[in-house]
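Order of writing sets the chain letters: A, B, C and D. Residues in each chain are counted from 1.
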Amino acid sequence: MTDAATLFGLCAAALVGLGVYALIVNPQPLRKILAFNVVGNGVFVLFGAVAHRGAALGFGGDPVPQALLITGIVVAFSATALAVALLLRLFDETGAATLASDAPPKSHADAGEA
Amino acid sequence: MIETFNAGLALLVLALAIWTVVARDTFAAVVGFVAYGMLLTLVWVQLHGVDVALTEGAIGGGLTGAMLIAAAARLRCTEGAARAERPGVATRLAAALVAACVTAALAVAVLALPEPAPTLANETAANMAATGVGNPITGVLLAFRAMDTLLEAIVVLFAMIGVWSLAPDRAWGGRPGPLHRADPDGILAYLARVLPPIGIIVAVYIFWIGADLPGGKFQGASILAAMWLLAVMAGLTDAPPVSRTWLRVALVAGPVVFIAIGAAGVATAGAFLAYPDGLAKPLIKVIEWALLPSLAVTLALILAGAPERPAR
Amino acid sequence: MAEFLLGAAGFVLLMVALGLLRILRGPGDADRMMAAQLLGTGGIAMLLLVGAATGVGSTVDVALTLALLAAFASVAFFKSATGAPADDAADRG
Amino acid sequence: MSLLDLFTVIAVCAGAFFFLAGTVGLLRFPDALTRLHALTKADNLGLGLVVLGLLPHADSVLGGLKLVAIWLLALLASGAVSQLIARAARRTDPRR
């Protein structure tokens, strides 16, 4: 049964890497929120794999990390919801959803082509 | 056979994660992410964390998915401008290098985990009898690590206050989110009439069995929040103005009861959040019953968004 | 028996993967939204099969939660795709 | 292999076949509405057959009822959702 822990542990490592890449590369804030969640899920799965290795006494996994995972998922949801609300408010206020502060999005598009 | 299934599952999870990273269209990326969240529930089942699977299914698959899809559809018109901001090849290569290093470091850590694995299962099992509950996760959440659970309930409440604080001045105290209208005889209204009664029963069931089997207040509260929002989206009911006193009481009741019982523990059992001998199970039940409605209302209001309309 | 049930779960997983390949490509948002539906049905089937194979009874409760909430994301999509205050009566009949 | 096991094998295989049919429909059909048809009908029949096949393995009558309830819920949800998605598809693509 340790096989499942190793397999999903490696999968989680790849998820964290993917999320970090997306967090740096994608300019849209919503994509960054998604990337943040992919990193978060990767960390959770890694933690879950470690918990699974701690299976003993008929428990499927170590109950302490599993309980902390539930806490973590709920907190990650709260953070995501707050970020999305901030983003929507920014969009309502400025009509754009961008993190670029130096220029309005239109002229940015021109600069990109130059 | 189980190894093959797990390998296929891990591959599909990775493929969907790659899709959410590389898809050009943000909406496509978000839908990929929702599918990925649903698949993660299977990963949790395979890692023998059924409690976690329930939470992921209710929050990751249901609430987060609905929130992100609605946001992506609303931000669709900003797509073109954002695409031009895409960083150059050098930045992307550097990012890929950083990501590869992170993955490699984590992979090495996974392969080098100590054998035999350290575990708190023995300590948990030895002390479960003192809590009176049968589900070890509930025991950890409400007895051994009760401080985490208390802070978590408060974090959720703070996130909701953060969402509220984004309200424009003129709408403060008003109703959150847009006004939803739908054909009262349409299929959406039908679904919103039939599903919530079943959903409430399932939520209470999941909450109720949480003492002895996988389940509990977070999962139950998420289902309740989703059912209420379904009725709101179908126009069957409206979100209450955020200035209502009963609403404020419902929001803080759970954390207040939790803190009060925790503080009583200082006097009766010698430590904050400690339970006196023999009273652990009834006190845990009181906390759970107080937290369930508070969490459900808080989660629902986080999703409903900042106040936008006057109360009238 | 457990091996057979796991094999069936693996087959459903393959079918879901192939279906996802197709619908995530679009072209429309509605096509993509079907991914949530596909994983709703396929995910429940996989959960039930895996639960029966491994003998973890509580997996059924996970499937129950998924069955309840799989529709939720699609409803949010419908509300936002047709404009927030829209009513769905206009194109009925 | 007992008779009940044989029943399970047959029903689950039939269910898997309908999942196959649903996926073939998704891959082959030309537009959103027909693909929706393949997805919501074939897959739900597949799920129903899987549930039927697993019924003899339920640990109690209550467990069996829960399985059936899951299928009915999935039917209700996907019946309603397919109508909603179809409406959204028609509204965003005025050619239909």
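A few remarks follow.
Criterion: a residue touches a chain if its C-beta (ideal position, glycine included) is under 8 Å from a C-beta of that chain, and two chains touch if they have at least 3 such contacts.
These figures come from a predicted structure and were not determined experimentally.
In this structure, the chain pairs B-D and B-C differ in their number of contacting C-beta pairs, and the larger number is found at B-C. Look at where the CA atoms of chain B average out and do the same for chain D: the two points lie 27 Å apart.
Computed from the mean C-alpha positions, the centre of chain A lies at a distance of 22 Å from the centre of chain C. If you average the CA atoms of chain A and of chain D, the two centres end up 31 Å from each other. Residues of chain B in contact with at least two other chains: 2, 46, 48, 50, 63, 67, 74, 187-188, 191, 195, 198.
Residue positions of chain C touching 2 or more other chains: 16, 29, 33, 38, 40, 56, 64, 68, 70-71, 75, 77-78, 81, 88. In chain D, the residues touching two or more other chains are 73, 77, 80-81, 84. Working note: touching chain pairs come out as A-B, B-C, B-D, C-D.
Residue ranges on chain B touching chain C, taken from their complex, read 1-2, 4-5, 8-9, 12, 15-16, 19, 23, 25, 27-28, 31-32, 34-35, 38-39, 41-42, 45-46, 48, 50, 53-54, 57-58, 61-63, 65-67, 69-70, 73-74, 178-183, 185-188, 191, 195, 198-199, 202, 206, 209, 213-215, 219, 223, 226, 229-230, 233-235. Listing the residues of chain C that touch chain B in their complex gives 2-3, 6-7, 9-10, 13-14, 16-17, 20, 24, 26, 29, 32-33, 35-36, 38-40, 43, 46-47, 50-51, 53-54, 56, 58-59, 61-62, 64-66, 68-73, 75-81, 84-89, 92. By the touch rule above, chain A contacts chain B in their complex via residues 3-22, 24-28, 30-31, 33-35, 37-38, 41, 44-46, 48-57, 59-64, 66-71, 73-75, 77-82, 84-89, 91, 96-98, 100, 105-106, 108-109, 111-113. By the touch criterion stated above, chain B contacts chain A in their complex at residues 2-3, 6-7, 10, 13-14, 17-18, 20-21, 26, 29-30, 33, 36-37, 40, 43-44, 46-52, 55-56, 59-60, 63-64, 67-68, 71-72, 74-75, 78-82, 84-87, 91-92, 94-96, 98-100, 102-104, 106-107, 109-111, 113, 117-122, 124-125, 136-137, 139-141, 144-145, 148-149, 152, 155-156, 158-160, 162-163, 166, 216, 218, 299, 302-303, 305-306. Against chain D, in their complex, chain C makes its touches with residues 1, 4-5, 8, 11-12, 15-16, 18-19, 22-23, 28-31, 33-34, 37-38, 40-42, 44-45, 48-49, 52, 57, 60, 63-64, 67-68, 70-71, 74-75, 77-78, 81-82, 88, 91.
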